[in-house]
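Dropping the structure in here first, questions after.
Naming follows writing order (A, B, C and D), and every chain is counted from residue 1.
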Amino acid sequence: MTKRKAAILGSSGMIGQRFAHMLHDHPYFEVVAHCASDRSRGKTLAEIWKLSDIELNPELAGQTIRGTAVEDLAREGVEVVFSGLPSGVAGDVEHGCAEEGMAVFSNASSHRTDPDTPILIPEINHQHLSSVEIQRKRRKKAGFIVTNANCSVTGLAVGLKPLIDAFGLHQFNVATYQALSGAGYPGVPSVDTLSNILPHIVNEEEKMNSEGRKILGGFEQGQFVDSPVNILASCTRVNVRDGHLEAVFANKPDMPDKESIVSVLDGFSSRPQELSLPSAPEKPVIVRPEPDRPQPLLDSLAGSPKRARGMAVTVGRIRTSADSLRFFLLVHNTIRGGAGGSVLNAELAHREGVL
Amino acid sequence: MTKRKAAILGSSGMIGQRFAHMLHDHPYFEVVAHCASDRSRGKTLAEIWKLSDIELNPELAGQTIRGTAVEDLAREGVEVVFSGLPSGVAGDVEHGCAEEGMAVFSNASSHRTDPDTPILIPEINHQHLSSVEIQRKRRKKAGFIVTNANCSVTGLAVGLKPLIDAFGLHQFNVATYQALSGAGYPGVPSVDTLSNILPHIVNEEEKMNSEGRKILGGFEQGQFVDSPVNILASCTRVNVRDGHLEAVFANKPDMPDKESIVSVLDGFSSRPQELSLPSAPEKPVIVRPEPDRPQPLLDSLAGSPKRARGMAVTVGRIRTSADSLRFFLLVHNTIRGGAGGSVLNAELAHREGVL
Amino acid sequence: MTKRKAAILGSSGMIGQRFAHMLHDHPYFEVVAHCASDRSRGKTLAEIWKLSDIELNPELAGQTIRGTAVEDLAREGVEVVFSGLPSGVAGDVEHGCAEEGMAVFSNASSHRTDPDTPILIPEINHQHLSSVEIQRKRRKKAGFIVTNANCSVTGLAVGLKPLIDAFGLHQFNVATYQALSGAGYPGVPSVDTLSNILPHIVNEEEKMNSEGRKILGGFEQGQFVDSPVNILASCTRVNVRDGHLEAVFANKPDMPDKESIVSVLDGFSSRPQELSLPSAPEKPVIVRPEPDRPQPLLDSLAGSPKRARGMAVTVGRIRTSADSLRFFLLVHNTIRGGAGGSVLNAELAHREGVL
Amino acid sequence: MTKRKAAILGSSGMIGQRFAHMLHDHPYFEVVAHCASDRSRGKTLAEIWKLSDIELNPELAGQTIRGTAVEDLAREGVEVVFSGLPSGVAGDVEHGCAEEGMAVFSNASSHRTDPDTPILIPEINHQHLSSVEIQRKRRKKAGFIVTNANCSVTGLAVGLKPLIDAFGLHQFNVATYQALSGAGYPGVPSVDTLSNILPHIVNEEEKMNSEGRKILGGFEQGQFVDSPVNILASCTRVNVRDGHLEAVFANKPDMPDKESIVSVLDGFSSRPQELSLPSAPEKPVIVRPEPDRPQPLLDSLAGSPKRARGMAVTVGRIRTSADSLRFFLLVHNTIRGGAGGSVLNAELAHREGVL
């Protein structure tokens, strides 16, 4: 089968580099263009590589970064675009690609609130993918945009979905411990994070609730319908490279016991697993029984098979009482909560025949 | 007025050093003995000083550490003992001092659950001090033990007390971000904390609830009566030197608005302020209006006058909705949540005539 | 005696804040204007305070930052200017102040290479101060500029001066471990420094040699004459807040023994000590005998009396052989190697009658 | 060809885990026993895994740790032992294994100074391997011990060897920036390393010179003859997980120019490359031309092919003058400077017919 021609936008950033890594030698897609802004143009991936936890594949090392000219991509037959652009510029460029008929899978927040654009997490709301048919109709050349969710809410939503379905939980308090890579580059000044915690990330708490409600909600009669879930978050930036840790609390009478919680989380499986999508983790949620896990340093890259490293969400320290539930949850913010989310979305679209 | 002769136990540790600093040139107490285990015996305070945020007073620098012989302290007329001993050894030594007639103010957890020993936070439960009369009766020479609370619960209880009294809140979810100094020395290995979060501190979550209920409860007819407050905590160790940050959540219908919360916290004042105790902060709770405070690096040492640096609890990012309240709270774990707590307790005892 | 009216430029930066702290309640100078760029204008010092190791004096907290209008300063009778401006803008503004008759004491590198402008370190080259007479002549209103040295070379030069004089050493290899605060704000991105060392600081190695040669050289017949000293440095940025550590190596036959080295360093005293300048440390060089000092965390603020905290250079781990010398040296980069350097320079100028 | 039966000692430590990773699926050796002390006995590798930069192979995850009984290993036919034991216990156990006829490849320092035991770095002194014939004669059952060098000196010696041979350099000043993993576990307390540099590592500077002289020296007439090289080091511990960085200085008249230095380092190749040993890096020394490399975070794992990751030494920022040379050098301390060193030694012994 011929692979589909793909381009990566924002190749010099951390998300762009994750895209390059995850899409290398991919069974469905072939990256024909690594695009970035003027400053990085002409440089090789080796020269701008910033990821320390994964090895830059020698075949990728020499690839050269080019500019982001939508018309060139269209002319060259690019069908699929993976966007790691910063939100400031993503809106227009992604729109331009979609108008030119391309399928855009984006990590940017610019289009997440568009009324016909899904925030897709295939384990949770694969049926939201049908919203792209509405987009196609209004686009000049039938392209569309699919977004992945904010990094913090992605992990949380994957962990909460089976609990909501099984036990009707809907009110959550969440305190986050978010990694530095979530702020991009240059991101947070080192003098602000050394021996410190920053107790505010602009708009993050608002996004966790609004995106969470859209993701966990329905898509009915051509419209997204918010879930009644309520996520009250307190977000912080901590001195950790990768991996967002979240302390999750739920309170309600007749809380199920720990074994039931574990069983539901451990047994969770959905459409990506059914389709054996290449980047789908065998288990979307891994439950750790140890008393001191998950830890960002040790568990962020959880997930198998190899192509799904960093795609599993890890849950641990589950504690229940008659009317309360507490646990910790960890998500790799630039893989499952970033580039990997969009790669999985594109794999789903390919296999569902939407591409 | 003659000052009371005091001794510090555990002088080589972080709490012991805070005691030395806070009790230097104190109006009520005169430290005549810095005691520690064999290993540090004979060394000067300068040689074992580990605190980087405060200057070792030149008058203290040359003081020599001696062993911990209870009978010697008794013979020399020591009336007041400040104990920064590790919990493993504190139980017996502190008991011995009390039996010899000394008043022991302890940071150790060993006696916190004793039925006639208070966990004293003067702003919250100064009336618990009367429990020492029961102790005196059973002790050979009428000494007694007063403990300060666990570092995390101290800050939390100070911040919650006015809200509980004013609005009847009683159910709390709390996620902590606890500093390295809270684990003592050598404490946590550096390879475990660099670029990581440790999502478990042994017994800490249990202590936060059980100590919180005792502290916030009553002392009636010679017995401590637990408060019905329920503190569900998830505790972590973060890569920060000093200052425990806590994300606090409360849910109930008809939550008061932000202005009411601020007003109650800001107006909080209690017995230590009434008595103008030397180490009492003018304001036990400082409310910061900025969008990104409190931060451990910038706010841990909050509190004035100078002798009360690190004794105020800082609250910030207060957010309310119809049925929810969220805020961050910061406490200096080895000052207000450690040595400073016991110093304030001793000052109260002195002024209330209990010493 | 009336104090001289002073202004601080760059008040929102780390150097500007050190100036504010060190000049508060100063016996010679009275700060009448805290100036900074548009963004900080109108804010109070409390609002922009970034220093975590010193307490913002309550009297300073409410002072408001104003813009940098040279003519206004002149009109208000400002005689002395302390400049913590970034090098990009310092050149012109400082020149303007000097032309208007003010004495400028600057931390910026802009004028350090000017042929009639000294890089002054009073313990080393107080006689270079006479170069300002040449400047006065060419300036419209007889003002002048005096610079302090680069942070790394300041500490090194103070430590080397007595050894050069006593033993004729002149060839040095130096590896540095430079703190984050040396890069200003926002400075170095946190993702670059966490669990990493950056083995390059632009132009730093060159400055260490060229500034070192000017500082340690002479001022003869109206001209600066470079010292023959040769400083071969390898500079790195490390994940430390404050305090530049330097590993110093010298090789020559007949190296004096350790006792001689210690004796010369320990006995070093110069003009600032002779004049008892307010910010002069009693000992410019403190020699630590312990096997594991100096440490940035514990020793950066070395120096007494209180006004001279951070003004002493600490040397330790001195090791000699027949033909080699090795030691570690530590300097507080934003105090002795920054604002404090200029404060000491101004104190010298005041007492030498140059102001 | 049948693989040789191998055992790993010290399997619960960082070096032991590196051994497990590097020896998995190895073409020459088959690990039949993972041994450690009582505390870890019975646990699986998954339960004690501490390495965050490499994935624990699923085939290894379930392997169980057993005790260290030399006689059991002998009875089971173990021929080769890889020892990651701490120096305190390594001496006796390794001696016991050698007496029982096993070939021991050790990371411990216990036997490095034995007169017939080599400190082997195959790129530098592969001919030292013949010293084991002397050992065989004195051992009960003809076993022997081969040690790898101290982590810091390994990287340095690999980088210096070609320069010494080509240009006769022999006097070096070296300042190190050593990673936390070099101190083992629990290693350095976090409160000592956060925002700090520790300017002393016990015995490290002495070892760098004495081991360096043995490694770079000869083996003549059954005796090791020290090289005249002189390595004057100043060693520090920095807040970095993996990778020792070293600032190297050499001074001599007629220093070759930068191109010559680069050419000699880049062209370096030796016996392991000639034999294509499985863990030999294609290039033992990688020269980076960028202005800001090597960095521990980005370059510690340098080396190809895949089995040789972390086995190459990276050199960068080479600067020369008429009489001086400066550069930075980076070595992965627990791979090339630890377990990987011994794996390469065993591969050499196997291929040279010494096993």
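Note that in this section contacts are C-beta pairs under 8 Å (C-beta built on N, C-alpha and C of every residue); 3 or more make two chains touch, one makes a residue touch a chain.
Quick caveat, the model's predicted, so the values are computed rather than measured.
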Partner chains that subunit A and subunit D have in common: B, C
For subunit C and subunit D, chains touching each: A, B
Pair sharing more residue contacts (C-beta pairs) when A-B is set against A-C: A-B
Length of the line joining the C-alpha centres of subunit B and subunit C, rounded to whole Å: 40
Separation of mean Cα positions, subunit C and subunit A [Å, integer]: 48
Mean-CA-position distance for subunit B and subunit A (Å): 42
Interface hub residues of subunit C, defined as touching at least two other chains: 50, 194-195, 239-241, 297-298
Contact set on subunit B toward subunit A in their complex: 171, 173, 175, 177, 194-200, 205, 232, 234, 236, 238-241, 245, 247, 249, 251, 291-298, 316-317, 319, 321, 324, 326, 328
Touching residues (chain side subunit B, partner subunit C) in the complex: 49-50, 52-53, 55, 58, 194-195, 297-298, 301, 304, 309
Residue numbers on subunit C that touch subunit A, as the complex places them: 50, 180-181, 185-195, 239-241
